[in-house]
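My questions all concern the structure below.
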């Protein structure tokens, strides 16, 4: 059902998206883009668009922060589109069926990040030799590695699901509790992102502001302002931040530098 | 219609609740508990539960603060249940008919608190003699006094309403303007509690924050967040309080102690 | 259709309102008052009330600030009422048809304010001669001038629209894009007022607070609190202002005057 | 009775109180208001609560008498937070601090803790737990009262225990912490309290206006008009009125309660306040 | 005209002004803007307002002339708050303060009071009272205009009277209060004002987009999409644009008004702005 | 590898970098994370990005080696904001500042910029643009992906360019600005970030409870009850749990992700989490 040219094109797109997820535009790889692109390759751009949009909404807020990897949207998004167009699953089922591949992608990233740690000694060597070309090459190599790993994962995915046994099995998973659990877990990944941000930024005196932000979002949601919520949150947040900055600068100047930002209770 | 054992049980329960309203768990006495308990004694737990729940909602926010007594929920709640189960009034009518008894209870508390003032001289004597047992006894005496007064009030209440003339009269009061006025006044009691709190806490520079709290609650109510309103108010309030604390400590440290919390405009 | 007495009364009312828009009660001139008054003169108080209310709502928020003149509500409101009662236009059409006259009024005010600039030299002379009466006369003169200009504009308006050609022409303008554009522009005039206020008050460190106010109003609107919105905004604003005052006074006192209000980022 | 002794006879610090005594006093703290009265409020209940500690600390009869004496002075705080004051005061007693110092600390702590406690426990925790479970009760769910009792009391006991141990263990440090930034802490806590009370005024406003007039086709609904000006305007006005009477006119709360009773009944006579009743004077007909 | 006299001839403080004169000046303050003009704005109306006081204070013709002269300099504030400035200035005149001092105080007060007054009276009190009563008027209630006039003017007169007496009585103290923390007061008041203006921008935003396109089954409603991004985005953008033109490009308000007229009309020609009209160029069909 | 050289050999400031080199580095900054790894994160990508500048500045091989060496130390910030760090560091390199100074500035800038950038770009800009366009996509609008790419990348490139030029031009002044009020700036920026993260926790909370029980006529809907206590209570609890594990128990993020996977799957086995699936253990029947 997938011709060889189509397969090659999908692998090329995967290669690019894998790199783009951390480099270059850091946006091409998003499901809302990959969905229609893969859809177009497979001859059904409309379905691709629908899957891409749905996947995008599902994973909104699950971003890598400080390097923490949620289930991977690149492999996930591409495979969901393949499921919908080729296996004919409906959008929801396609989303569910793609979860194991998203986990595979997550694993691929973690693997690359671990392997690349080993190459840092090599980088130090190039630095010691004042050899810029070596640094350049090392970076290119890492991107190629990630791209190839992802293309490989997608290849395995595409081939296996065109195999009737596998695809029957996967379809049968729809509505299964494991899939339900993976989806639920997928939705929870963003909390890791939030927690990491809090570890970075939240000083002891800022717990209140965290809960205040929560409260504001709750109000906006209940008032039917879910859409512009974040813009309005930013408005209020900027007011608070500017005020905080000005007051603390005033305090510092008043006190000849001895005071300044308090260190919490 | 009320057997002797039932009567005794009700009086015992009243005795306990009267003490509990200021001591021990300070929660057993609440209508939501007393309703079903008295209902169970009278053989109709379901009605008791309904009356208890309704009374609880009606008097929410009417708490004694600094000793100021609103109409009494103990006698009120118990008598409302008796009205509903024994006299067969519907929930609303039972609530209304119980108001005079709630006022009676309020009077009982005020009386006790006045009487006990007189015993403080006795307490001083025990202290002068370094006699702990005397202090213990004095406290037990006061609780027993309150319990007995309340049991008495309930006894009068129960006996009088099982008297057909009295009960007919009370039923006839339903929808009467005096009952309406007493209910309205009951709803106003909480404002005294609020005002007392304000007198305790509200410095001149805090009028704004009072109105801001009011505004936030208005928004929460309008946005359909009446339920979680107070939690969200607490979230925002904690943010404000923490910020205030940190800023004022910073100011104090900056200024070598000369500045600190301003004393209002 | 308009008798001579009615015409005279309208001109007298216009004369008074023209002065009142900047002096005396500064409220008589509002469309909600002028509508029913002119309606009464023309014998249809009900229509006058309706037009006055509608015009008032349309121009709410368009106030002169720092002397900046929006389309004029005095001539506009009076003419809209005349249109509705005499020409029988429905309320919306009457509002639209009155726009050119509102622009005429705006021009009249600008003209007066320019002319009066020239008389300031005369005022200096009276001051040099320590002649209070001269100052008094000058002020009376200016008010009379404005009143007469406005009465004139209204006279022209009333006469021309009782002329069938003119009135047919004006009716034909209803729904025309130019009228639509004038209405849209009229609605935009208030932004000038807002911007002028911002130029006066907004220091660099206050951008946040501007957006916070915007956000609060957005929430209030969405929560269905459009009516009490400004009261609630004032509540919160007062809280912020009081807090700001107290904190900055504290900072100043802490630092021996060196610190105080910060001058923005 | 203000005691006239200023220092204890025996100034050797006593041995620290053992767990059993502390626990016992947590339990006794439940009866803080046993002999509540208008003269000294919780004074005798307070003394009852700390007696087990005082008896261990002051082995000397004279000192016990002196200590009991000054611990019978006016006292009032929130019942759930009293163990915090207990812990600090007992640690001072144990170290045989000057009596005026102990008094000052006791008085300084009881005021703000009273206000905060009322706002947090009587006006926030209670309404939330009782409100939710009351609604469950109205739906016939028999779990409701149990759920209420469990949640409310778990919080109550956790607070009482934890504060007792925390403040006693910190001992004088607690006082240091409390006093160093006391003004700032009180200010911030009061801000929180006032903010919550502002919200309560709106949230629990329970007074509505009944008046409504048929005006041709349409109905003039006074409450509706007021809501368009400011939701809960009547409760806000009444609260501010009571505050004004207490603060500026020095009214007692009992007098305010009386006034509200009068306002309630007279208002109902004229059909002003909302509710299900027939006014005495029916000067308007409710639209159908 | 900036006066070149710096001190009055007669430096003996005049007798305090009597109630009748103060009242008279409150009434005269109603005509502050009688001779409003682009050169000195309310200058001559201001002088008119305080003349009764000046005549009592400066019995000497030369001083009266000097005083009238410097009180004819540029002046602009909010009409309802002018009596506050009157009170302070008159108390300074009475004490025969230096003219530069009087000028400085007058100028310092008029600016912030102008901004605050506009925000509070023109943009808050007026819309609330006029808005509510206008809605009553639309329902045919003839009470509406009366209610509007009463509420609005009760506030106006209360403010004018109270400020006059308060600021005159405080006399120099008022100035002390005002000047000691003037920077802080102005900052706080401006915060309030800016906050309110931010809210007004959203609340009174009156410009909508009319464009809507049929797209197969569904309708692409531009205003709806914008509302999903930020309610009142267009009014906010236009306000910021005007602010930018005034602040950074130095445009006059009249030029801004002209620009908005052009934008309004050209936009309507292309059917961009909401409203009930037929565009000149119909490049899209409104979905039914 | 922490370099052991502290000053460059050649201390003559290099010529300012030309536009072409700056532009080139903006482009290279797009590949900051090319060789991302768990040991030094963006270190090698960071060096790759500034190499064109370093090569121009350090004509001497030894210095180039020293500079490359210390620029290979641990580095991590938000990719879109990296050019701000680039600009400052390059201006310091050009002036041949001490290596420890350069290191300190680099480290001081990368932390807060990382947090802020994540909050603003990953959690605000991205969800807004992707969210709106995803909804358009679901309606079949093929413009959606293009709109997303254009808006997102216009912002990205504007930010990258502008920050590079701004921070390089300001040069040492930027550092002065940044360091003078650095503590205050970081505090304020963190406040903003924390506030936004609080909002995100509520706004993007994606975990619901499926459990619902038929209770006679009525349905006990657990999620509904929780919403009555606090909307998004479950996401808040889970976030706080993860935060606690990371902060207090020192868990790695990978371990937290594993835990959530387990919680997700076990919960689904018992039908706890919302979603369209059949639990393994069906201990309750969903009401119809």
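Letters A, B, C, D, E and F mark the chains in the order given here, with residues in each chain numbered from 1 onward.
Note that a residue touches a chain if its C-beta (ideal position, glycine included) is under 8 Å from a C-beta of that chain, and two chains touch if they have at least 3 such contacts.
Remember, predicted model here, so these are calculated numbers, not experimental data.
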Set of chains whose contacts include both subunit F and subunit D: B, E
Where subunit A and subunit F are represented by their mean Cα positions, the distance between them in whole Å: 11
Centre-to-centre distance between subunit D and subunit A (centres being mean Cα positions), rounded to whole Å: 50
Shared interface positions of subunit D, touching two or more other chains: 128, 132, 140-141, 228-231
Per-residue overlap in subunit A, given as positions that touch at least 2 other chains: 206, 209, 211-212, 214-215, 218-220, 222-223, 225, 227-228, 231-232, 236, 238, 240-242, 245, 247-249, 251-252, 254-256, 259-261
Chain pairs in mutual contact under the definition given at the outset: A-B, A-C, A-E, A-F, B-C, B-D, B-F, C-D, C-E, D-E, D-F, E-F
Subunit A to subunit C touching residues, read off their complex: 219-220, 222-225, 228, 232, 235-236, 238-243, 245-247, 249-251, 253-256, 259
Complex interface listing, subunit B residues touching subunit C: 205-209, 211-212, 214-215, 218-219, 222-223, 247-248, 251-252, 254-256, 258-262, 264-265
Subunit F - residues contacting subunit B, complex: 227-231
Of subunit B, residues touching subunit D in the complex: 19, 22-28, 30, 32-33, 35-36, 45-46, 49-50, 52-54, 56-57, 60-61, 63, 65-70, 92, 110, 112-117, 119-120, 123-124, 126-130, 132, 135-136, 138-143, 175-203, 206, 209-218, 220-222, 226-227, 229-231, 233-234, 236-238, 240-242, 244-245, 248-249, 252, 260-261
Residues of subunit A defined as touching subunit E within the complex: 225, 227-228, 231-232
